[in-house]
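Some structures are shown below for you to check.
Heads up, the next two complexes both have subunit A, just with different partners, subunit B and then subunit C.
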Partner chain A sequence: MSAIVSKVKLWIETIRVNNSRVILSRSKAGTFFIGFFISLMSLFMLLPVIYSVVQAFKPIDEIFAYPPKFFVQHPTLDNFKMVLRLAGNLWVPFSRYLFNSLLISVVGTFITVFISSLSAYPLAKGKFPGRAAISSAIVVAMLFNGNVTTMPRYLIIAGLGMVDTYFAILLPALANTMGVFLMRQFVVSSIPDSTLEAARIDGAGEFKIFFRIVMPSIKAAWMTLIIFAFQGFWNSTYGNYIYSEELKQLPSVLSSIAAGGIARAGAGSAVAVIMMLLPIIVFLISQSSITETMSHSGLK
Partner chain B sequence: MKPAKTLSMRTQARRSYLSHYAMMSPFLLAFLTFTILPILAAILLSFTDFNMLQLPSFVGMDNYIRLLFEDDVYMIALKNTLILALVTGPIGYILSFVIAWLINELGYRLRVLFTFFMYTPALCGGAVTIWAYIFSSDSQGFLNDILLKLGIISDPISWLTNPQYNLVIVMIITIWGSFGTGFLSFVSGLQSLDRTYFEAAAIDGLRNRWQELYYVTFPQMKEFLLFGAVQSVSSAFSIAPTITGNPSTNYSTHTLVLHISDHAQIRYEMGYASAAAVVLFILMMAAWIGTKKLLSKVSA
Partner chain C sequence: MKRKFRLSLTQRQSWAGRCFVLPFYLGFLFFYLGPISQSIRFAFSDVEILNGALAIDFNSFENFNTIFNVDPTYKTQLISTVTKLLWQVPVIIVASLFIALILKSKFHGRTLVRGVFFLPVVLAGGIVMSIVQSDTVSMQVMNGSMVSSGTMVDSNGLKDLLVNMGLGSEITGFINTIYSKLFNLLWKSGVQMIIFLSGLQSIPNSLYEASSIEGATAWEDFWKITIPMIGPIIMLNIFYTIIESFMDSSNAVMQKMLAEFSIANYGLASAMAWVYFIIAAALLGIIAFAFRRVNVKS
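Then we have the complex of A and B:
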């Protein structure tokens, strides 16, 4: 087994070393054009987001100023204070909503990433009967519109007695079709069959192969799935399934704070900024830490 | 000796089947219960009249006949959906790949930074509302203000409600938000490619980067390109713009998903909505099969 591990280590190391140099060269004009193009696209992507962040620091008269200004003249924290003040008057303490959201997002993301990887490996490399059918069923499920499946799904969840419990959120998370499909594609293209064969000849069981070879080799895919899953859990209210106030998530209380017409326009912008903070942090941490593990240790 | 060996290989294969089924079982159970069952239910409901209060009654093909021959709004929605999907789908997909490809050439820090920039619209979901300020119909709107000042227009344009402009605006906003999981998977996919192929190909006489892209990168990226394609097809056909008003002026930006949710959640015509979802699904499947054929030609 250790021979295999060191082989995989070497193989990942080779990718890293070779990755650090560009083999075919490019003209100076080409480099300039690429820089220019990426910067332009970034600007197009970023400006609306920056504008929405700036909005949150504007006093109410500037939000509705004529003519409209991109940047804030007299930055203020009033909008955030308003959100805090409104959040302080709630029947259920604000910290409870925050705790619920963190709990569901962390546990849900962990389940999604682990189960998706676990089922992706046999789906990509196994030879068991029914494999092709399951793969096509996953694509079918990804292409079927959710609006009409909400109601049958609700009936199933209610029938299982899971309404108003976190099972209604976490059990369906076991079947993240996009996650499984993504992981499957990664396993197919990044793990050679010969490595798996060698491990089997050495006597490694399938679970051992999964934990020692497959999981470490698809860390780059985790980055995509972690951020995708986290965002999904973090931004959802699960209004259909959760009725008890003390079980509700952050977005449900923040959206009711932001609702309230013109007078709450500032609070609305502040809420949008508050909600995007954590996903940004998760994105940056997962992106940088996983690139780091890829390039430094390879395998644990 | 020989029979003993085949037997052991067979038991080994059977054991790996068993482990593979065990690995897939949590996913499969949840997938069948919370995804496949609701989809089957929706398909059955499409042949019924169901108002969610009384039990569904079987009506045969009535819903489909009404959909395809009697519903004028449906035809408008179908036309808009096809236009939006055929324009934004390929543009978003190709841009995602091109930018991921360009970003891949950069150093580690710049790569993380630009990936973050491109992903921010998807990361900061709340920012989408900012387009309402930008395209606001009065002279306070950002775009109107600029165009008035530059003297390009003399009266403010109602960008979001004028059927002449609003479909294009929906396209711009959609492309802005199209750097999602497909894009992230391209970035991490390109990172995990085996560089030895590039070296070998360069020695074998590739003349430029375009040849490298076509002969080396595309074939190696096949699995990721397929993943991105499913994501693109499913999101391009699911565009549901509400920023232009719901319903929009003369249904000018009405789409199939808006039509489905309108009938499912407002009119409680579950059977009819399900029929519309089944037709949408058939369209998506056709688009997916076509895309797959095209990709297998490019990345053969």
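Then we have the complex of A and C:
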């Protein structure tokens, strides 16, 4: 104890010597506080997820042990093996579900990001009649989430003859209101008008401006949109629109595996772990590729 | 004399703009305006499914009358839900901005910590959430302390868990209270946090360099550079938070509405949706008015 006290005294002494005023430099106190805060928060967020991951590695008797233990005593891969075995016995091969999921997620994400940024640029910077009206219509339309318009939306998709095709999922991605609003706000905040004017004076067409100036400047925004869109497509089952078994996606087959009653509790956790992996990987890749933008660097 | 057909520069720009927005217009028309206008019609009608087809009978304000004068609970639920949202939104915005500011700074394991805060977004909705939920629920059932609540991790489950891990009951109770409050908050601010983070990353570093040469403190930097630069992003996040919390299917008004939808009472449910929607739209209108100068800055 006394050793600690003397250490602290020494530390305060050093600060006194180094700066004539006694300041606990922000870098030390602040870093400690921020580090403490962040680790506490991370722990909070992680606890249920860790629990779920740990569950996936528990043998069946430990899952139902009383009193429950947080950590696994004898880790096993049985749960994952059970998922694989169940997946191997399906009528439609498992790889087909995986293919559907990947196809829908990748193509859908691409459509969402491309169309959203394409329309966000003129909505933020363009000059044409109805620009303000359509911008507010987008925000208002965000209020109508899937739950409320499920039925009329189904009627329209049925009317277009797209029920039970990939188009029922992919075409609505053309109008991702959240995506357009997000991109628009980023275009407003990070691209100065003078950059665009300079490009026009140099003779760049609108498409060239879009691909060479707008898109690189709002990379952070479309990387973010990729995350949101990807996890949206990846996690959804689209049970309303897709009936054919060979067009269904991973979540629908995995949830039916997990829904096999109490004996499949472990398999359920294994499924959760499998489904979590890809969105987290997408997130980490997109986060690490965001760097400071250069949009203002051309202005002096 | 042949006159060459040429558009002026502004005309050309405005046509390019329209072409850019065209695909979105089409999708918007089919998948938003179509369903929305349909739901207005439903709100003023008596909708029934007869022989596999929809029978829509116009009944003017009958549905709204039912909501406000016949239904005993709708009004009180509406008021309590909206007041709860009014204080929740600013708390979520401030908390997510705070966390985003911390996550923007450079420290070891930054990507990992960001990933952790991204978990709510990965888990939101979908199968993963339901399984994580059932894990914690089964944990509680076995402890004989099954309590239903809207939160993902029921605080009782956590309490038992911590006691089982060998912590004292006083500490456990304390942790428990903070946990359930903070968890709810953090769980709801995942998306906002990521949006803020990318907003902060779009601020050019040169601005901060210039201000540090001029001798500005970090506090001044925050108010004079960070806040003005991410103005549109703050607005985006406020809008998103309002919309998300209004449309959260766990709040009382939404549940009532969805219950009506699920028993195919489309007319009444659409009317409920429209009452709720007009309140939300009014709120958004007020915010848009307050932020009207942010969106026009260059």
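Note that the second predicted complex is superposed on the first by the 261 of 300 C-alpha atoms of A that agree within 3 Å, B and C clash if a C-alpha of one lies under 4 Å from a C-alpha of the other, contacts with A are read in each partner's own complex, and residues count from 1 in each chain.
Simple rule for what comes next: a residue touches a chain if its C-beta (ideal position, glycine included) is under 8 Å from a C-beta of that chain, and two chains touch if they have at least 3 such contacts.
Bear in mind that the values here come from a model prediction, so they are computed numbers and not experimental data.
When both complexes are superposed on subunit A, subunit B and subunit C occupy overlapping space and clash. By the touch criterion defined above, A:280 reaches both subunit B and subunit C. In the superposed model, A:231 lies in contact with both subunit B and subunit C. Of the two partner chains, subunit C is the only one touched by A:194; subunit B is not.
Judged by the touch definition given at the top, the superposed model places A:255 against subunit C, while subunit B stays out of reach. Contacts of A:73 after superposition on the shared chain: neither subunit B nor subunit C is touched. Of the residues of subunit A, those at positions 26, 34, 37-38, 41-42, 44-46, 48-49, 51-52, 55, 64, 66-68, 70, 115-116, 118-119, 121-123, 126-128, 134, 137-145, 147-153, 156, 171-175, 177-178, 180-182, 185-186, 188-190, 200, 205-207, 210, 220-221, 223-224, 227-228, 231, 235, 271-272, 275-276, 279-280, 283-284, 287-288, 291, 294 touch subunit B in one of the two structures and subunit C in the other. Subunit A contributes residues 26, 31, 34-35, 37-38, 41-42, 44-49, 51-52, 55, 64, 66-70, 115-116, 118-119, 121-123, 126-128, 131, 134, 136-145, 147-153, 155-156, 160, 171-175, 177-178, 180-182, 185-186, 188-190, 192-194, 200, 205-207, 210, 217-218, 220-221, 223-224, 227-228, 231, 234-237, 251, 254-255, 258, 265, 268-269, 271-272, 275-276, 279-280, 283-284, 287-288, 290-297 to its touches with subunit C in the complex.
On the subunit B side of its complex with subunit A, the touching residues are 12-13, 15-17, 19-21, 23-24, 26-31, 33-39, 41-42, 45, 52, 95, 99, 102-103, 105, 108, 112, 114-131, 133-134, 139-142, 145, 149, 176, 179-181, 184-185, 188-189, 191-196, 198-199, 202, 206, 208-209, 212, 220-224, 226-227, 230-231, 233-234, 238, 257, 260-261, 264-265, 270, 273-274, 277, 280-281, 284-285, 288. Per the touch definition, subunit A reaches subunit B in the complex via residues 14-15, 18-19, 22-24, 26, 34, 37-38, 41-42, 44-46, 48-49, 51-52, 55, 64, 66-68, 70, 115-116, 118-119, 121-123, 126-128, 134, 137-145, 147-153, 156-157, 171-175, 177-178, 180-182, 185-186, 188-190, 200, 205-207, 210, 220-221, 223-224, 227-228, 231, 235, 271-273, 275-276, 279-280, 283-284, 287-288, 291, 294. Chain contact summary for the complex, subunit C toward subunit A: residues 9-10, 12-18, 20-21, 23-28, 30-36, 38-39, 42, 99, 102-103, 105, 107, 111, 113-128, 130-132, 134-136, 138-139, 142-143, 152-153, 158, 160-161, 164-165, 179, 182-183, 186-187, 191, 194-195, 197-199, 201-202, 204-207, 218, 229-233, 235-236, 239-240, 243, 246-247, 249, 254, 257-258, 261, 266, 270, 273, 277, 280-281, 284, 288, 295, 297-298.
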